[in-house]
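There are structures below to look over.
Next, two complexes with chain A in common: one pairs it with chain B, the other with chain C.
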Partner chain A sequence: MAITAAVLGALLIGGVPSYASFASSVNGAQLRILSGTLGATISAPSVGTASIATAPSRVVVRPGTPGMVPGVQSQTLTYTVTNTGSARAPASASVRVLSTAVTDAAAWTAIRPSLQVTARIGSDPAVAVATTATGIDATVTSTAAIQAGATTPVVLTFTLPASSGGVDLLTALLPSAGTSSGLSIRSILAMQPQVTLTQVPVMAP
Partner chain B sequence: MRNATKAVIAGVAGIALLTGGAGSLAYWQQAQNGSQVAITSGTLSFGAIADGTGWTLQQNAAGVSPAQSNASAVTYDPTTVKIVPGDTLTKTISVPVSITGTNNKATFTLGQLTPTPASGLDGVLTYATKVNGTTGTTATVLASGGASQTIPVQIVITFPWGTADSTVTTQGQTTSFQATYTLTQVPIGN
Partner chain C sequence: MIGGRRARVAAIAVVAAAGALIALGTGAPSGAYWTATATPAPTAAGTGQWCASPDTTVASNEAIKLGDVATATGTNGRVAIIPVADNAAWGGGTANGVLTVTLWSCQDGSIVPAPAELANTVRITSWQYESTSTDRAFLAGTTSTVAPSSRLSPSSTLGSRILSLAQSASVSQLVGTQPLSRYSWIVAGGRSASAPTAAPTASCVLVVGLVCTVPVTNTSGGDDAFSQAFDTTPWNGSTTVAYRAATYAAQTPTGWSSGGGFNGCPSLSLLCTPTAANVTMTATAASDATLYASTNGNLLQWLVVQWNATSTATLTDDLVVQVSFT
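The block that comes next holds the complex of A and B.
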């Protein structure tokens, strides 16, 4: 018995192996994930005109005459908004129609009571924009999606009617015979619109 | 013959017998080997896991407005496609498992390594998992289910839609996702 116990003791004390339950672990493949971007640019304006009505017989408006001619033509400022974001980031545009300064206070005071300003984003209907004594600060929003890399126009239109409150604005505002231009809003207000793009869902094809 | 002489002779003979050294006396002993019994240990391991490709991309995260519940799923190409808020990346993986041994039983656990490199997406992307069709990260594997089994695992990575945010911390980021798969034996009686 003593011999047997001693032999067993030798086997136990030997101590070379250790015993543990089974386990296995493996890492999967690494999946790379990139996130996109959303950005916007707004161009300098393209200045143009839009015909309102035929000039009265006493008035000759030569083709290409710039600026507002009361009752005859409006002045337009067209900005191009670009979605510079990555694919899968279409966005809708919101434009803050903003003037940063009144550069001709007398002219602004004279035309503001009669001035009509509208803003149009893309193919949306034009929206009336209010004016204040200090200029223009209004926001116009569109829900139309601008795809990544695509552009949309923002058109500001400045219009003076032929008369207002019984006053012939053509005569009152453009009294000089033979004047070669109408009234340019750019000589009266420093316009600096701001655009904000907001991501919209990628629509199912 | 005189008795004394006989005794001496017997004694001498006895001593001769005892000291002769030709034989020794011992209790009986016999040894024999029994039959050989083969002992084989079981196994617990994974096969090759194909989880690096085949992910799909869909913009159907909760809160996307307008809702995109029917948004098409497209194949996700990690070399070219950039995800945006509202996107979900989905993959269902058949994880091959080898388990043998009458009393072998294991817990399968799905985990995730810390995304690398650190990026503005850390803490933003969310992860949802199902193992064997049940929401969660674990499942029980029994050898009685077969030496070779597959465990279906679904992983959904979501870039939340959230609210409009003009900060750019989540834009133009690069990160990674890497799952971990573990089998740990548990007692058969558990």
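The block that comes next holds the complex of A and C.
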């Protein structure tokens, strides 16, 4: 019986294990081995901007304004993702870049042909995200492992060029240009990305 | 047997330890992996707040920086005389439309660059040929195009006559002369940002024939032609004012009246108050030579953009004059 148990142990060490738990029939006893628990949290985003270029002399940008300004600044949404799992559950992240609503249909139609959206997970390079007439729904994945208790940033960046197809977007996209209602911030999409952490395989010592 | 049972316990312990060390192995694991998903509350993405004037560096643009109106007409006076037609070079050519000048600015309130009085010394008018004038003879054989980039020299025969009219305080129409029938006011005749559609009063009196006098003035004193409503503190307001050209000249389907008549007034009127009408440009694909030879004010207009100041003014790049047909 001791020889059988030893062989069984050797097979387990050198074979292709697949289960998070197994049972041994030795003496009828049942052994369960757990690989750990996995949990994820995501913060509310930090809303920021990233400079593209100095505004031309014909343009005045309101200091500190959030949101895209064509050719001048991008808008960024930075989320913090935390692996709240146990010590034996490092994980990789995938992000479903999802808009739950188009809140300004006319503006979305106007900007979509020129809009550039990217998603970046941790230190991975930013990945371009496609848009559709109804918004954004695309998934970006990363293979980098996030240890239990560690965090990683997820950054969504929205950018408009100064001109596109011969059209000066700085004047074409002026909200309320020529009217008396002011040059206001326009919320165009409601973004609600979904982050999924998946357990990373661990090499046996 | 105690020795045998101890050996079985040891074997089980070895197996259990081996199992505990192996969570998953190399190659292609099968079976279940832990996953966890998290979703934050929705957050808005969109555009911020900025003000912009058209990019006048675009070659095909019908927008002109006020600072590029640089030809001197005297101390601190500047002028540009520009041929305008509803053609492809001017961004038109597909539909008739009223000659319109839109002033853009991102300045706070009145024009900020010194001197302050520049705010109310901007004047934009347009003029049509006299039907019997030989002034335009010099244009024969010209390679100049009817386009935003073209300029008529104010020292040329035609240019000096147009400039003289455009700089006057008023124009009077006498029998046999036609200055008034050539005159269209755009940013002139007392118009301003708060009154962009005003028409200057035509004072008419019967002398030998009907004589009408119409002011050719700047914007109203104390007011300005650019948007007054834009403020940077607080951030609010509009940035453009559109002025549509109007005239007392009698316009016919085939062209402006060669007899110098007033709109709504027969030529032998004893007393009449002329009626202002929009200057409707006819969409055209005519050649530049044809346009320059035309006496039809609906085909070709000479746009005069001028400003004056008491000292040298430095105009910022956001002050832009844009021509269109609306």
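Note that the second predicted complex is superposed on the first by the 151 of 205 C-alpha atoms of A that agree within 3 Å, B and C clash if a C-alpha of one lies under 4 Å from a C-alpha of the other, contacts with A are read in each partner's own complex, and residues count from 1 in each chain.
Everything below uses one rule, namely that contacts are C-beta pairs under 8 Å (C-beta built on N, C-alpha and C of every residue); 3 or more make two chains touch, one makes a residue touch a chain.
Computed from a prediction, not measured in an experiment: that's the story for all the values here.
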When both partners are placed on the shared chain, which of chain B and chain C touches more of chain A: C
Which of chain B and chain C A:47 touches, first, second, both or neither: second
Touching partner for A:89 - first (chain B), second (chain C), both, neither: both
Touching partner for A:37 - first (chain B), second (chain C), both, neither: both
Chain B versus chain C as contact partner of A:201, first or second or both or neither: both
Chain A residues contacted in one complex by chain B, in the other by chain C: 22, 24, 26-27, 29, 31, 33, 35-38, 88-89, 196, 198-199, 201-205
Touching residues (chain side chain A, partner chain C) in the complex: 1-2, 4-6, 8-10, 12-13, 15-20, 22, 24, 26-27, 29, 31, 33, 35-45, 47, 49, 55-62, 65-69, 72-73, 75, 77, 79, 81, 84-85, 88-89, 91, 99-101, 103-104, 107, 111, 156, 158, 160, 163, 166, 168, 170-171, 173-199, 201-205
Chain A to chain B touching residues, read off their complex: 21-38, 86-89, 196, 198-199, 201-205
Partner chain A, residues of chain C touching it in the complex: 7-8, 10-12, 14-56, 58, 102, 106, 229, 232, 235-240, 242, 316-318, 320
Chain A-touching residues of chain B, taken from the complex the two chains share: 42-46, 49-53, 55, 59, 64-66, 68, 70-72, 78-79, 81-87, 89, 93, 104, 106, 113, 115, 120-121, 125, 157, 159, 164, 166, 168, 170-186
